[in-house]
Every structure is written in C-alpha cells, then in structure tokens.
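What follows is a set of structures for review.
There are two complexes below, and they share subunit A, which is joined by subunit B in the first and by subunit C in the second.
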Partner chain A sequence: MNETLDKTNLTLRDRLRGFVDSFGLPRLIIAAFLLMLYIAAPFVGAGFWMQISNTVNRFSWNAIMVLAMVPMIHSGCGLNFGLPLGIISGLLGATLSIELGFTGPTSFLMAILIATPFAVVLGMGYGWLLNKIKGGEMMIATYVGFSSVSFMCMMWLLLPYHSPTMVWGYAGKGLRTTISLEGFYDKVLASFLQINIGGLSIPTGTLLFFALLAFGMWAFLHTKTGTAMTAVGSNPTFAKAAGVNVDRMRMLSVVLSTWLAAIGILVYEQGFGFIQLYMAPFYMALPAVSAILIGGASVNKASIANVIIGTFLFQGIVTMTPTVMNNMIHMDMSEVIRVVASQGMILYALTRKTEATK
Partner chain B sequence: MKKENKVLGFLRDNTVPIMFIVICAVCIPISGFSASYLMNEIVTRMGRNIFLILALLIPIMSGMGLNFGMTLGAMAGEIALIFVSDWQIWGIPGVVLAMILSIPISIVLGAFCGKILNMAKGREMITSYIISFFMNGIYQLIVLYMMGSIIPIRHFSVKLPRGYGIRNTVSLLNMRQCLDNLLAVRVAGVKIPVLTFLIIALLCLFIVWFRRTKLGQDMRAVGQDMNVARDAGINVERTRIISIVMSTVLAGFGMVIYLQNMGNIATYSSHSQIGMFCIAALLVGGASVDRASIGNVFLGVVLFHTMFIVAPKAGAQITGDSMIGEYFRVFVSYAVITLALVMYETKKRKHKSLMAQQLQQEQKEASAS
Partner chain C sequence: MANAKTPLLEMRKIKKDFFGNQVLTDINLTLAEGEVLGLCGENGAGKSTLMKILFGMDVIRQTGGYEGEILLNGEKVQFNTPFDALAAGIGMVHQEFSLIPGFTATENILLNREPKKRNVISEVFGDRLDTLDYNEMTGRAEAAISKMGFSIDKNMVISEMPVGHKQFTEIARELSKDRLKLLILDEPTAVLTEKEAEALLASIRSMSEQGIAVIFITHRLQEILAVCNRVVVMRDGFVISDVPAENTTVQEISKWMVGRNVETAAKLDIRDHSAAKTIMSIKRLWVDMPGETVRDVSLDVKEGEILGIGGLAGQGKLGIPNGVMGLYEAGGTVEFDGKQIPLNSPRKCLDASLAFVSEDRRGVGLLLDETLEWNIAFPAMQVQEKFLKTYLGGLVKWRDEKAIRDVTERYIEELAIKCTGSKQKAKELSGGNQQKICLAKAFALEPKFLFVSEPTRGIDVGAKALVLEALRRFNRESGVTVVMISSELEELRSICDRIAIVSGGRIAGIRPASDPSEDFGMLMVSMVK
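Take a look at the complex of A and B:
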C-alpha cells in the first residue's frame, strides 16, 4: 500500500519535474510573474485595457527584430548578438529615404528598398566573418555589433546629409540624435485598419505586416533550402555529407537575419515615431535575444511560436512593471526587474547543455 | 626568404600593437599636447589602471578567456567604498579597509561567476559578459533600493534624500589620491605615484611566483587541455572557480585603487565600462585570448591610453568636430577587441584542422605498416 503511494507520488513529482524541465524554470517564473501583474493591474488602478493595448503596441514594434533571431539559430550560428549591424542598414535606409525627399507612406517603402542592399552587403560581410570563426560566433557577433554602431556614430556626423528635418539646425550638418517621423512614415502601418474599442487600440496594419513576414519565414523554413539550413544547424557533418554547402547556408541565414533586423527597426520607428541614431542601437540586440529565449527557444532551436510568445511575455513585462509596481509599492523597480529577468534568461539558455556542439 | 618570413610572422603576431603605435605616432603631433602633459597623464593612468588589468591575467592562464566578469570585482570594490565613506573613514585607513571589505563580496560573486562558467564551458566569454549585465541588475537592486532601507546607511552625503538608495555620485574627496600622493616623487614635472607602482610591482611579483606554484601549474594544465588535466587528477571545476575568484578579488582591489585616484564614484556607471576598457588595453598590448603576459599589460596601458588622450583633440584638429575623436576612440576600443577575437578564433580553427590532418597522416601510416 505504502509502496504504491510512494510510487504515485514519485511519478507525480517526476511528471511535474519533467514539465518544469521541458518548459524551463525561469520561463515559468516569468510567465507566472506576468500573469500576476495582469491580475494585479485593475486593483492598483492601472487601466486594464490600456495595459493590454500598450503591450500589443509594443509587441508590434518589436516582433520583427525578434523574428530576425530565427534564421541564425536554425543554421547553428547561435543567438544573433550582432543585430545592431542590421539595424544600421535599416537606419541608413530610413535616413537616405528622407534625404532623397520621399514623404508619407512612400518614404517607408523607399526606406525598405534602400535598406535592402545595405543589409545584403553588410550581412554577406558579416556572414563571411562568422564562417571563418565557427564556434566563437556569439562573442564576435556582439563585438561586430558594437564596432559597427560606434563606427556609424562617426559616419552620422561626417556623411553629407542636408535635409533640414534631419541635420542640426545651427551647424547645418551632422544628423540629430533623434529625428521625428511626422510627415514621413510615422504610424504608417499602425494606422492601417486600426481598431479602437473603448480604451483598447490595436495596430492591425503592423500586426498584419509581422504576420506576413512570420508566415514567409515559416514557409521558407519548410522549403528545400530552409530544411537544408536547419540540417546545417543540427548536424553540420551530416549536412555536408548530404551535399549541402554549409558555408553558403550559414551565409544565407546571416543575410536573412540582417535584413529582417533592418526591416524590424523601420517598423519599430514607424510605431515609435522617431528615428534614433548614434548610440541608440547599441544594446538593442539584448532585448530581442532574451525575448526569443523567454518564448522557449534555445541556443540552437527556435520556432515562430517562440517568437510570438516570447515577444508578448517580454514586452508585457516591460510595459506592465513600471505602472503596476509603481502603484503597488511606490518604487520604480521596473528597470531592475527587466534587467534581471532578461539577462537571467540569456544566462539560463547559455548554460543549458546543447546536443550539437560545434 | 626565411628572414622575410620571420618579419612577416612578427608583423602578423603583433598586428594590434603596431597598428596602435602608428595611430599614436600620427595623432600625437596633430593633437599638439606638450610632452610633459602627455607623460603626466600616461603615468597617472598607468597607476590607475594597471592593477585592474593585471586581474585579467589569471583566467587567461586557466584557459577561460577574457574575463568580462571582472565587472563583478569592480562592483564589490564600489560597494566596499560606499560603506567606508558612509562610516567616514578616510585616507589610507579607508582605502585599506575598503580593500579588506571587498574581499568577501568578491569571493561570493567570483564563486557564483565561476560556477556558472563551469556550466557553460566553451563559451565562457559571452557568458561572463552576460553575467556582468545580470549582476549589474542585482547591483542596482542592492545599491538603489536595499541600501538605506535594509542595509544601514546613515550619512547624508551618501544617501539619496528620499531615505534609501545611494546618490549618483559618491564623493571620495577625503581619500582622493591618498595612495598616489604618499611617497610621490616629481621627476621633471611628472608626478610618479611611487606607492601605487610599488603595489603594482608586488602584484606582478605575486603573479610570477603564482605561475610556479602547484595551483598555478594546475591552472595552466587546465588551460591547455581540460580532459588531460582531469586525467592527471586535477579537479578542473575547482581550479577554474579559484581562478575566477582570484581574478574577481584582484579586480576589487584594482577598483579601489582606480576610484581613489578618480576621487569620486559614479555609483551606477563606474563599473559598466571598466571591463571593456581593461580588456581593450590588454589586447592592444599584444595579448590574445589564450596568452597574456605582464609585458602586454604595461605596453597596452601606455599605447591605449595615449590613444585615448590624443584622439579627441586630434579628431577635432582634423575634422573641426570634437565628437568625432570621442567616437573614434570608442570605435577603436571595440574594433581592437573584435580583431583580437577574430584572430584568436581563426588561429584556433587552423590549429584544429592541422591537428586533424596530422592524425589522419598518422593513421594512414599506421594502416600502411
């Protein structure tokens, strides 16, 4: 009798442990924490619907940059800490589009068109570099991002931009740190088919745009090339034996990731309403990295569902903690919570044992 | 032919220092600084930074790469200094007490860092880099919210007016440069902080001695090959943790020396850049991820800080915009680290494929005979 009881206890515990192991303890804590915040929100006087629309809005700004993580994880290049490189191509597209005199929705389209060649060229250089240093990608990616951002800091000052909306008024040269997008592509996607019910507002256009890209990514991963890419990531030796050009697949994934980052920053800007230059892209990789990890991805496995869940959880915490915590304990601890939760998540993912060691 | 190869090899092995010598040689005349000003600045910065950079050597020895987690030691040093200035203990006693106080904090943080790095073998650098961010969050939690409310902090000059949390800058005016000024000697207008240099010399001697001890040898063995070391009966995990703890403790001391020279603590930002600058300086001196000597540290500090002093002025002279030089030196610091990492990884890969070829050759010979 006792024995059987022990056994059921054990299996229950095992099952629980299995669930926690598969889902990941930190992920569970973060999800529970967010749930708690949502429950607490109405009691502390933070408008529930406003919180939801804030979260959805921020989700729509950031989701594509998180999506940019997927291809490189699939091809075994690890987490793309070099995201700022793609962001820089996006910023070049944005500023050049305005410089060339495009306005309104056209400027958004042109920004994407102009950013694309930059993203492809920079991504190819970056991919070439990462192919030379297989195994040490993540650290070098971080520093490629940092170097490119600090290099562009000089360029923003030196490049011959003239558009009066962008350069410093008194000097007549050198781009401003923040450039307003009013009259250009401010909210160009967000206001498309926007739904407003009471306090709730949903940026349908941005969400649709993300859905389009996410679907494209999903479809791509199921094509022959996409499967080959995944094969390279999970077992490079096997992929090579099967006749896949490993280096080319990795290069393709890096270019794709860089391009998505460029599009991602443009979408972020249209939601936010400003272009941020100079040191702004510096730490933008870290939120994207931790978002996809919170969503359930690991260093060598990621899906579109991870992107959606992760971005929602991460942005939920970012938007909810300041208001709810402020009202609850009258201390703005949101920054600390955000840092600890997101970096903790990255640490957790880095310390997991991964099957495919390259 | 052979001589040419030798020259090329030398150039390749020392790309980064040579590049820096060229940058400095170009920038110094353009900046127009006087020799005595430059010398003064460089000597001051040597006293300020060398101890911190020396803290990086031990993890490199044990094969754990560049310890971005030295930030943890810097945080420990800052927390110790906050306590000391809250208790209003100034001068040399204050510095010594801060160093002693930082030891237990550094040990705890270092052990934590080492434990995690043992779980992430093969990607120590990125992990230690993320640890430094993670601990920065915890540091903020402690310093901004717990100090004054849970941890007793009394003095108004340290505490925020709201009753808890530490001010953005904590003044160390009463212990400013007390180490540097004691026994300071002036040679041709250049102030030489003899005591600080003596402490640095002691640390150098310690490192040289430590390399020869049993533990030092163990660390080198672990750095060479973990599996071989384990077979030889070395407790690899423990050795690695000890090396990180030592590095963290030294970084804590280094931070106290650094801050007593600066004369104030920027409570929430002093530590954040320190790791990056120390690592960049070490790499500029010709060190790589798996090999660094005391000579690299000294050469690196001199070259890196010369660049740091002259770049903004030289940039302003050339382009007429002082910000260009500021950005340039930041860019160079990051570019140097990137370049050094890339060179290390390519070398490692080349070595690996060479080993594989050798093994293949041996097997072929074995099967032939």
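Take a look at the complex of A and C:
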C-alpha cells in the first residue's frame, strides 16, 4: 500500500517537475507575479479592465519587434542586439514619408515602402559583417546597434529635412527629438475595427497586422528556405554538407530581422502617436531580447508562441508594475522593479544559453 | 631489495571496459630492467588504453577503473594519478607535446623540479619565492641530454625548435628524473625525420644499457625490430603474440596486427569490375584536412563496385571523401561520369548525384536537435526539391510533412532503426542507430555514387553487421557505386571488391579484397611518414 502511494506521489512530483522544466521556472515565476498584479490591481484602486487594455496595447506596439528576433535565432546568429539598425531604417522611412508630404494612412504605407530598401541594404551590410565573425555575433551586434544609433544622432541634425512638422522651430533645420504623428499615421492600425466595451479597448487592427506578419514568419519557416535556415542554425556543418549556402542563409535571416524591426518601429509609433529619434532606438533592443527569452526561446530555438507569450509577460510587467506598485506602496519603485526584472531576465537567459548539441 | 628474477614491471590479467565495451581482455605483460619492449597493433587495438592504465591517467578512473593488477618490482601498485606513476619512476612521452613554447629546453626539462637557492624574500614568504639555480639547472639538463645520447641546444626556446628536437626535449625531461626506471614512448618517431628517428633509436639503446626499461609504441615495424628485445602485438584488446624480436619479421608482425580470424571473415562474393567503365576518376588530388592530409592521390573507381579505402589513422584516407565532397579545401581534378566535378563546392557534388556519409556523425552527419524526419529528408529536400509541395507556380515551396514522415518511416523499417517514432530527436538515439539515420539520409538522395566514411566507428558488433548489410544491399539492389573508408581492414575485406590502401597521403596500392591480410598490412606501413 505504502509503496504504491509513494509511487504515485513520485510520478506526480515528476510530472510537476517535468512541467516546470518544460515551461521554465523563471517564466512560471514571472507569470505568477503578473497574475498577482492583476489580482491586486482592483484592490489598490487601478481599474482591472483598464490594466488589461494597457497590457494589450503595449503588446500590440511591441510584438513585431520581438518577432524580429526569430529569423536570426533560427539561423544561429543569436539574439539580434543590433535591432536599432532596423529601427533606424524604419525611422528613415517614417521621416521621409512625412518629408515627402504624405498624410493619413498613405503616410504609413509609404513609410513601410521607403523603409524597406533601407532595411534591406543595411541588413545586408550587417549580415556580411556577422558572417565575418561567426561565434561572436551577439557581441558585435550590440556594437553595431550602439554605433548606428550614435551615427544617426549626427545625421538627424545634418540631413536636409524641411517639413515644418519635424524640424526644430527656431533653427528651421535638424529634426526634433519627438515628432507628433497627428494627421499622419497616428493610431492608423489601432483604430481599425477597434473594440471598446466599457473600460476595455482592444486595438484590433494592430493585432491583426501582427498576426499577419507572425503567420508569414510561421509559413516561411515551413518552406524549403525556412527549413534550410533552421538547419543552418542547428548545425551549420550539416547544412553545408547538404549543399546549403550557409552564409547566404544567415544573410537572409539578418535582412529579414532588420526589415521586421523597421516595420516594428512603425507599428510602435502609430500606437504611441510619436516618432522618437536620436537615442530612442538605443533602448529598444533589450526589451525585445528580454521578451523573447521570457517567452521561452533559447539562443538558437524560438517559435511564434515564444514571441506571443514573452511579449505578453514582459509588457504586462512593464505596464502593471508602475500602476499597481505605486498605488500600493506610494513610492515610485516601478522603474527599479522593471529594470531588475528585464535586465535580470536577460542575464539569466544568457548564462544558461543552450547551445546546439555537439 | 628485489632479487634478480623479479621483473621490473608485471601486469596481470588487466581488463578494462568503457561502458560495457570491452577494450582490454586479460592482458599479461612483463618487463625486465633495461628491456626494450615494442608494442604494436592497429588503431583501437588497446595500446593507448593499456598505457593510460599504467600511467594512472584520470580517464581510466573516471570510466570505472580497471581489473587486474600491476606489480612494480614485485610489489602491487595502484596509480590513481600520473603523479603517483611519476613518483614510482615511470615516465611517459605522449604523442602530443606538453612543452611550454616560450621557455628554453633547460627550463622545460626541469620544469617544477628546478634546483633552487634561498634568498631574502623566500626566507620571509616561503620557498615558492626561492631563486632558480640556473648553473645547477644547466648542469642537470646537460646530464639528461647526454644520457639521451642525442644533442639538442639546451638554451634554445621551444617555439624555435624543429619538431624532432621538441620530441627529444620531452625525452630529456623524462630522463632528468633520477628515479626513472621505465619510459613509455608513444609513437615518438611519427614526427621525426629519418635521421632523427635513427638518433632516437640509438638513444633508446643507450637508455637500455643504463638499465632503463622502455615501452616503445610505433607503427614503423622496422624500428621495432631494430631496437626492441621483445615484440608484443595487440589486437582487439588481446595480446596476440609476445615474442623475442629476433625471432620475427615485419611480415609476421603485420599479419598479427590485422589478421583477425582471416578464415572466418570469408568472402561472400567478390566481383571483378575491371571491365566496367570508370565512373569516377580522381587525379592528383590533394586535400588540406587537418590530421588527414592527402598529398597526391590518383584513383579510378569502376561503376557498380564497392571500393574500400583503408590505412592507418592520420595517413589521409579520410581526407579523400572530405576533399572530393568539398568539405575541406582540395585541389586536383575529379571526373565523374565523364564530367568534371568542381572541388570545394558541396552543392555541385550533390547535384551530380554523389552522396557522402561523414565519419563525423555528430559534427557533420546529423542535426542532433531536430527530428529524425528532418535529418533524413533535409538533403534530398534542399538538393533535389523532394518532399515539397509547390504553390503559386513554384513561388512557395512548402514542406510536405506527410511525404517526409512516410519516407522516414520507410527507412526506420528498412534499416531497423530503434526509436520511439519519426519525430524523435536525433541526439536521443544510440550511435548505431544514428549511423543508420546518416545512411538513410544518403539513401534518400538516391545517389549514383556513395562515399561512406568509417560507417562502423564507435558502434557495437550487432549494429556493425546491420550497417554493412544495408550498404551491401544498397549496392546490389540499386547498382550504386560505393566507396567505403574504414580503419578496420577486416571490415573492408568482408564487404569490398577491391581495397586501396592509403599511406603517407598517397595510394600505396590497390588489391582485390581476396588478397591475404598481411599484404594489406605491409602496404599500410609502407609509406608512413
């Protein structure tokens, strides 16, 4: 009797451990923390539905930039710390679209169209660089991000923009740090089929746009080329022996990632309502990296589910901590907690990064 | 005091297995003071394992220790670390150098055993801060070098030395130990020029005269006969013969080395393809593959045959398929089916219906983190667009999961692959089954010509037979020309029609598989560099 009891206990514990192993303890803790925040929200005087709306909104702004991590992870280039490069392509698209006089939804479409060649060209250069330094991608990517942001800090001032909505009022040249999108593509996706029930507001259009790109990525990974890309990430020597051009696959993944980052920042802007220039792209890479790691991706395996879960958890914490914590302890701890959670997550994920089995 | 009859070293009934894989069985070995023992055998015969046991290497303890006993001067000893062995007077010169490149010969010879002088600082802070006594060091190094009988510059920095002198520095280091009674030399002549090798043999003789026993491992059988008192031949973990050197010949030794059960490995059916057309013609091939350099290989392969390529490790046999298939930098010309195949381009080879099963299963052969389905279908999908559904006029090439599953299940059944299903990860399979996945991957390409490199390395006997049978069937039923590279001669003799032996990066000879083993053995050592 006792023995059988022990056995069932053991299997239950094993099963529990198996679940924790597969889902990941940190993910579990973060999910529990987020759940706790939601439960606590009404008690400390923050509207529950408003908090849900906030989280969903932030999710919709950020999800595509997290999706941009997927191709490079698949091809074995690691986490794209060079995301700012793609973001800069998007910013060039956005500012040029406005400079050329497009307004309303057209300006969004034109921003995407203009950003694309920039993303492709910059992505190819970036990919070429990463092919030169195999094994040290993430380190180099970080510096590519840093240096491109710094370079563009100069260029935003020097490039001959003239649109009065964008340049500094007194000098008449040089772009402002923050440019309002009112009259251009502010909420252009979010307002499409927007659902408003009481305090709940769902930006349907943005979510659909993300779903479209996520589906595209999922589909791509099921094609011949996508399969080759995953194989390159899994074992480049195997892929080479199977006749795959490893460098070209890696290059393609970097271009894809850069392009998605460009689209991602445009979607972020339409939700946020402003274009942020200069140092802003600098702070975009780490949250995206952090989100996909929280979502359960490793340095060389990532799925669309990782993107969705990770973005939701990360943005949930980012939106919920300020409101709930501030209301609760009447002290501004939010930023501290946010930084600890996000940076700690990156640190954790990188220390236990799972390499491909050798 | 040990009396005159007690041998210096006695090994009794040594047994060792690595995870159930028996590598040494009942090894008995005795060695008298000043005796030179030649130890030879094919790669994997168990020589290195035996020496590792004797030298107390960590790897032995980590894999569960050994059985049997070792007696030194009649006393039972158990070395848990190489330090114990060193303290007992056993020295070993490994195949890989363990020298500090930036130090001089003297410093290397006496490293960590330097004579020291006390000084003011060391009086205060302890003996780790003693000054080195360079005069005394020079004297001791000179003594060790003269004991060796081959002169090297004791003040030369290791990194500037020719490779042979590095080897002698290592030997001098062992000789500088006062208590040295037994010196193990593991293939010391592999890197030496002919002249240096002769000098080494002379120094072995002089050591022997001074009462130091030497165990000398080499593939150059002539050297064994020239310098050793006794020859021990090992094969498959057994001592095959233990005879005085003057009573044997190179032919006999090479026969002992390779000739496992020559009668039982009966030829099933050797076919003569000399009339068939030449399907692949390799001319003046060189391949820059580290450790397996191919220098100048010309080889014709006949359509429909199974050609074996054998030879000792490091002689270049593995470089041939890796070079032809474009995985390592190569030069020369390769003609296949009348058309020239560009080298250094794996894709072009695959397009020409060549396929390759690599010896490096885990590194090149498999996607360890992916499913069996992916492993088997991937090359055929990428190269021949198999297992794909096309949409929008070929714009979208979608993975056909069902076709992939079908082909995987077919091969799982045909090759009797033990797995939980087609979706299992490749890394979870045993070595033999992983090898079958590699074969299935190549079979799925439906090639006209197949290179198989070391298909049975590291897999158990049962799986070996299955893998070889699968290859034979593939050759017979589909008429595919197979070139199989293997270190195991008997395996080649059991499946191939002809066998080419590679030695020193060149083809030493091609013989029908029915020729006696010792002929192949002679070819193997004929051009060893």
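Throughout what follows, the second predicted complex is superposed on the first by the 336 of 358 C-alpha atoms of A that agree within 3 Å, B and C clash if a C-alpha of one lies under 4 Å from a C-alpha of the other, contacts with A are read in each partner's own complex, and residues count from 1 in each chain.
Simple rule for what comes next: contacts are C-beta pairs under 8 Å (C-beta built on N, C-alpha and C of every residue); 3 or more make two chains touch, one makes a residue touch a chain.
Since this is a predicted model, take the numbers as computed values, not measurements.
Contact with neither subunit B nor subunit C is seen for A:Met320 once the two complexes are overlaid on the shared chain.
Of the two partner chains, neither subunit B nor subunit C is touched by A:Ile294.
When the two complexes are overlaid on their common chain A, residue A:Gln343 makes contact with subunit B while staying clear of subunit C. After overlaying the two complexes on the shared chain, residue contacts for A:Thr142 are found with subunit B alone; subunit C is out of touch.
By the touch criterion stated above, A:Leu67 is placed in contact with neither subunit B nor subunit C.
Legend: residue contacts after superposition of the two complexes on their common chain; A:His222 is shown touching subunit C, with no touch to subunit B. Set against each other, subunit B and subunit C differ in how many residues of subunit A they touch, and the higher count belongs to B.
Once the two complexes are overlaid on the shared chain, A:Leu213 sits clear of subunit B and of subunit C alike. Counting contacts by the rule stated earlier, residues 357 of subunit A appear in both its interface with subunit B and its interface with subunit C.
Within the complex formed with subunit B, the subunit A residues making contact are 81, 129, 132-136, 138-140, 142-144, 146-147, 150-151, 153-154, 157-158, 174, 286, 331, 333, 335-336, 339-340, 343-344, 346-347, 350-351, 357. Here subunit A touches subunit C in the complex through residues 219, 222-225, 227-228, 230-231, 234-235, 237-238, 240-245, 301, 356-358, going by the rule given at the top. Those residues of subunit C lying in contact with subunit A across their complex are 325, 327, 346-347, 349-351, 356, 358, 360, 362-370, 374, 378-379, 381-383, 385, 388, 396-399, 427. Those residues of subunit B lying in contact with subunit A across their complex are 116, 119-120, 122-123, 125-127, 129-131, 133-134, 136-138, 140-141, 144-145, 319, 321, 323-324, 327-328, 330-331, 334-335, 337-338, 341-342, 344-346, 348-349.
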